[in-house]
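Pasting the structures here.
In what follows, chain A forms one complex with chain B and a second complex with chain C.
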Partner chain A sequence: MFPELNNLLNTTPDRAEQGKLTLLCDAKTDGSFLVHHFLSFYLKANCKVCFVALIQSFSHYNIVGQKLGVSLTAARECGQLVFLEGLKSSVDVFFRAQAAPHPLQFLREADAGNLQPLYEFVREALKPVGDGQAAWRCPVLLVDDLSVLLSLGLGAVAVLDFVHYCRVAVCWERKGNIVALVHDSGDAEDEENDILLNGLSHQSHLILRAEGLATGFCRDVHGQLRVLWRTPSQPAAQRDRSLTYQYKIQDKSVSFFAKGMSPAVL
Partner chain B sequence: MESVLALGGFVLLRDSVEWEGRSLLKALIKKSALCGEQVHILGCEVSEDEFREGFDSSINSRLIYHDLFRDPLNWSQTGEALPGGPLGALQAMCRRTHPGPVTIALDSLSWLLLHIPCTALCQALGALSRQHAHPGGGSPAEPVRVLGLFHEELHGPGPLGALSSLAQTEVTLSGTMGQASAHILSRRPRQRPAHQTQWFSILPDFSLDLQGGPPLESQPHADPHTAPVDPTAHVTFNLHLSKKEREAKDSLTLPFQFSSEKQQALLRAGPSQATSHIFYEPDAYDDLDQEDPDDDLDV
Partner chain C sequence: MAAVATCGTGAGSTGSIAAAASKNNVTSFQRKGPRASGTDSGCSRLVSIAGTRPSVRNGQLLVSTGLPALDQLLGGGLAVGTVLLIEEDKYNIYSSLVFKYFLAEGIINGHTLLVASAKEDPADILQELPAPLLDDNCKKDFDEDVCNDKTPDSNIKMKIAWRYQLLPKMESGPVSSSRFGHYYDASKRMPQELIEASKWHGFFFPEKLSSTLNIESCSLTHGYRKLLQFIQNVIYEEGFDGSSPQKKQKNILRIGIQSLGSPLWGDDICCTENCDNSHSLTKFLYVLRGLLRTSLSACIITMPTHLIQNKAVIARVTNLSDTVVGLESFIGSERETNPLYKDYHGLIHIRQIPRLNNLIYDVSDVKDLAFKLKRKLFTIEKVQKGEVNFKKKTP
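Coming up: the complex of A and B.
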C-alpha cells in the first residue's frame, strides 16, 4: 500500500471503514497501481480478501505485492486470500468437465449470460468461517477489472446486477467492502461501458479516478488522481468532497503532490 | 419547493453522480410523512436499513419499504424475493387499495428502466396516478404523489423525454461550490410551465433548509493536506526593492512626461545651457549642394 495515498484518503489499515463500495477508474492511463494499493492495504488490515483477477496472472500480483510488503502466496495458503485467476481458470471452462457451474460459466453460453455463478463463488469464498480458525476482519471483494467482462460478451446490466448482488452479500450482510476497477474509454460510442461506469458511480461511496495528463506524457508526472467522496443516501456534510492530486509512480511507492508542484518542476 | 409537493402527481427527481438526489428524495418523503400521509417506497438500490437511517421513529412508522434490493432477480431461490420480479413488484404497488392520501417513492427509476422496458414503466406510472384519480364509488379523488429518482447519465434522451412528459413536476439537481440547487419545472394544467431555481441544503435529520440565493464568494479554506507554497520563495532574481531604491524610483521623472519645469527649461535655453556642436567631415563622394532643394516650392 502507498502511505501517501492513505494520507490523502485519511485512512489506515487499522481504521478501514466498512460496508463501502470503492470505485477505481482510469482514463487514458493505467490505474492498476490503485488495485495493487488496495490489495496490499486490505491484506495488511487483516481482512479476508476475495480477489477476482481477470487481467493478470497470480505471479504478477505477487511480485508487485512483495514490493509493497505483502506475500500473496502466504496469504493464500493461510486462507486469508481467495484468488480467482481468470486467465488460467477460463481454460477449465472449456477443457474440463465441471460438476458445479464454473464461476466463468458465461464464457460458454451462446446467449447473453449472467454472472450468477461468479456471485455464488464470491459468496462462498467470503462466507464467515466457523470457530477454530483465525477470525479475519471484514470481508473484501476486489475485482480487476469489470470492463473486461463487457469485452467478453456480457451486457452492462448483467455486470451491474453482479455488483448489486455482491453489495447485498458483502457490503450489507457482512459489512465488508468492495473495490472494483472500471476503465473509462472516453469514447462516446461505448455506451455499455458508460452505463457500467455511471451506474457504479451512483452506488459508490468513494471514487478514485486516475487520468492521464491532458497535455500528454510526462516523465516526472505520470498522471492525475481525482478523489470524490460520495454518500449515496446521507446529506453531504461540510467536508472536502473532492480532491485532485498529481502523482508519479516509482519502483516501490507512488508520490503525490498538488497540481503543478512536482519536485521536478519547482 | 412547496410547489413540488403541493402539485401532486408524478415528480421526476433528476440527479447526477456529483449531485446525488437520494437525500432530497428522503427530505420530500419526510415532509409527506409529517403531513400524515402514508409513504410506500419501492427500494431497489439501497437496503432498508440504509434508507431508514436518519429518520426518527415517528417518520419510520409511516414508511412501508418494499424491498427489491435484497434479491431482485431471485438468485437466492429462497422464496423471499418479491414475486414477479421488478415488474411484478411495481405493478403490485399500483394495485394498492389503502384509502387516504399516499405518496409512492420509486428508488430508483433508473434501476427499473435497466430491468423492465420503458413502455411498461411508463404504463405503470400512468396507472399509479390514474388509479387514485378514480377510485370506485364516486368518492372524491385521493391525492396521490409519485416521487421518482432518476440518474441522468444512465439513460439516453428517449427514456428521459418519455418520463419527463409524464411528470407534473421535474426537479433537476445541480449546484456550485458545495451548495446544491434545484431547478424546478412545474406543469400545471392549462397554464404555461413555470421555472424556478431554489438553493437549498439538507440537514442531517433530512429537513430542508431553503436558501435565498447562490453562495457568496467565500475564501477557499486552506487545503489541510498541503501547506500554502510561496512561489516567490526560490526564484533566482530579485523581486523586491530596498527603501533607497524605492525612493529613487518614485522621484524619477519620466523622459516624456511634460511637466512645467521641463517646459521652462526648454524655453530658456540660456547661456547656462551647454550648446551642442555638430562636426561634419564630408567624404569624397558627398554632394555638397548649397542650394536649398525646397526653393522651387511655392509655400
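Coming up: the complex of A and C.
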C-alpha cells in the first residue's frame, strides 16, 4: 500500500470502511498500481481477500506485493487470500472438460454466457468460517480486471449482473468491500465497455481514475489521479467531493503531488 | 516441497481450483536467487538457457527479438512468457521482416520454433530467413556502411548545440562477442544447414482444415481453435511447461504467428465493422497468453490492424497483448517526399510495454523513432531534425 495514497483517501488499514464498492478506472495509462495498493492495503488490514486476477500471473502480484510489504504466498497458505489465477485456469478449462462447474466455464460456451459459476466461487471463497479459526475483519473482493470479461465473449449486462450479485453477497450481507478495475477506452468507441463503466460509476462509493497527461508523455509525472467520493443512495443535493492529484510511480512507492507541483519542476 | 504446496492449497474446495494442479509449474516469472519461490533446483538452470539473459531490472528472463535496437527499446529484450504484437505496415513488407528476424534469432540460439501462417507454408518462410552477420566479416562491412553515411560526431564536443550531446544514442552497430542479439544481413539467406539443424514445427492452416478437433465449439473460429490445440500439443509434448522434469536441458519455444486476424484465418474482423464473431480473436489471445505464461515460450504475432475497422477491437487486442509495436512505412504515403524523413523507410511506434513483476518499467524517452533498412542492417533511430545552418548569406 502507498502511505501517500492512504493520506489522500483519509484511511488507514485499521480504520478501513465497510460495505463499499470502489471503482478503479484507467484511461490512456496503466492503473494497475492501484490494484497493487488495494491488495496490500486489505491484506495488512487483516481482511479476508478473494482476488480474481484475470490479467497477470500469481508471481507477478507476489513480487510486487513483497516490495509493498505483504507476502501473498503466506497469505494464501494461511487462508487469508483466495487467489483465482485467470490465465492458468483458462488453459485448464479450455482444453479439458471439467467435471465440476469451473468459475471460468464461460470460456467453453459458444454463445454469450453468464458469470454465475464465478459468482458461486466468490461466495464460497468469502463465506464465514465458523470453526474457531482466526476471524478476519471483513471480506473483500478484488477483481483485476472487469474489461477483459467483455473481451472473452460476455456482454456488459452479464458483467453488471455479476457485480450486482457480488455486491449483495459481499457488501450488504457480509459488510465487506469490493474493488474492481475497469479500463476506459476513451475515444475507441467501445460501447460495451462504456455501458459497464457508466453502470459501475453510478453504483460506486469511491472512484479512483488514473489518467495519462493530456500533454503526452512526461518522465517525471506519470499521470493524474482523480478521486471522487460518492454516496449512491443519497439524493444528489449533497455535492460529491472530488480531488485531483498528479503522481509519479517509483520502484516501491508512488508519490502524489498537487497539479503542477512536481518536484522535478520546482 | 510437495507437502508445502498441498497444504497451501487447502482451505476448502475453492482453494484447489485457485491453485492449479501442477506442482512443478515452471514459469519464467520467478525471481532469480536463493529466495526464489515455487521452483526447485530448476531455477538455477533457467539462467543458463542459450540465448536468454535476465533483465537487469527485475530478473525476468529475456530473449532477443532479433533486432538489438528493438531489444534496447523494449528494456533489454522480450520477456519469456509474453506476447509481442506487431501492427503490420500497410503492405506487410517490414513487419514480415521483423517476424523473420525473430525466427532467425531462434535458429541461431538453438531455440525450437513454431511457425504458424495461413498464407505461406512455414517451410517457405524458413527458407527466406536472413543470414546472420558473424563477428569477423561484419565489422568491415559495417565500417563501409558508416563511411557512406554522415560520420557520427560523437567524439566532437558540441559547443553551441551542447544540449544535443545529452541525447541518448541508439545502438547502431554490431557488438562484438554478444551472445544475446545478433545482426542479420537482409540480402542473404540463412544457410541451409542451419535451418536443417534446427527444430521447428509448422502450422499451415490450409493443410489442417479437414482434421478433427478436440475442443467443442466455443465461439472461436475453426482456425484459431486448431492453432491453439496445435500450440498446446507442442508445449505439452516437448515439455516446455515443465511437465516432463526428466528433460535434461531446458529450451525456449519461439512461436511466430503471421497475419493473425486476417480473413485467411477464417475471421471476418478485418472485413466488416460489426462482425458476428467479434470475440474470437480476443479469446484466442487470452488463452494463448495463458499458455505462454505457464511455459518457457515467447511469441510474436503480426496483425493487420490497419484493416480492422472496429477501433474497440484494436483497443481490446492491445490490452490483451504484452508488448505492442506498430510499424508505419512511408511507401505510398505523402511522407515519402517529406525531406524530414528522406533517410528513413518508416516510423516505429512503441505502443505498449508491459510492467512485469514491477510497478515501473523501462520506457525510452525518445518517442519519434524511425527505422531504415540500409542494404543489410535494420536500424532504428531517433528522427534527426534538420541541422541548424548559421552561415550568413553573402550579398
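The rule is short, and it goes like this: the second predicted complex is superposed on the first by the 257 of 266 C-alpha atoms of A that agree within 3 Å, B and C clash if a C-alpha of one lies under 4 Å from a C-alpha of the other, contacts with A are read in each partner's own complex, and residues count from 1 in each chain.
One rule holds for everything that comes next: contacts are C-beta pairs under 8 Å (C-beta built on N, C-alpha and C of every residue); 3 or more make two chains touch, one makes a residue touch a chain.
Please read all numbers here as calculations on a predicted model, not as lab measurements.
Legend: residue contacts after superposition of the two complexes on their common chain; A:63 is shown touching chain C, with no touch to chain B. In the superposed model, C is the one of chain B and chain C that contacts more residues of chain A. Residue contacts after overlaying the shared chain place A:205 against neither chain B nor chain C. In the superposition on chain A, A:174 contacts neither chain B nor chain C. Once chain A of one complex is fitted onto chain A of the other, the partner contacts of A:48 are absent, as it touches neither chain B nor chain C. Once the two complexes are overlaid on the shared chain, A:165 sits against chain B while remaining clear of chain C.
With both structures placed on the common chain, the touch criterion links A:258 to chain B but leaves chain C unconnected. Legend: residue contacts after superposition of the two complexes on their common chain; A:157 is shown touching chain B, with no touch to chain C.
In the superposition on chain A, contact of A:7 is made with chain B only, not with chain C. The residues of chain A shared by its contacts with chain B and with chain C come to none at all. Those residues of chain B that touch chain A in the complex are listed here as 17-18, 20, 22-23, 26, 45-47, 49-51, 53-54, 69-73, 75, 110, 114-115, 151, 153-154, 178, 201-204, 206, 223-226, 229, 234. Touching chain B in their complex are the following residues of chain A: 7-8, 114, 116, 119, 157, 160-161, 164-165, 168, 172, 194-195, 198-199, 201-203, 207, 228, 230-238, 240-241, 243, 257-258, 261, 266. Interface residues of chain C facing chain A in the complex, by the touch rule stated above, are 4, 7-8, 10-15, 17-21, 25, 27, 29-31, 37-38, 58, 214-219, 228-229, 232, 279, 282-283, 286-287, 289-291, 293-294, 311-312, 314-316, 319-320, 355-360, 363, 365, 367.
The residues of chain A lying in touch with chain C in their complex are 30, 32-33, 36, 56-57, 59-60, 62-64, 67, 73, 76-77, 79, 82-92, 94-95, 102-103, 107-111, 121, 124-125, 147-148, 150-153, 183, 185, 187-193, 216-217, 219, 249-252, 254.
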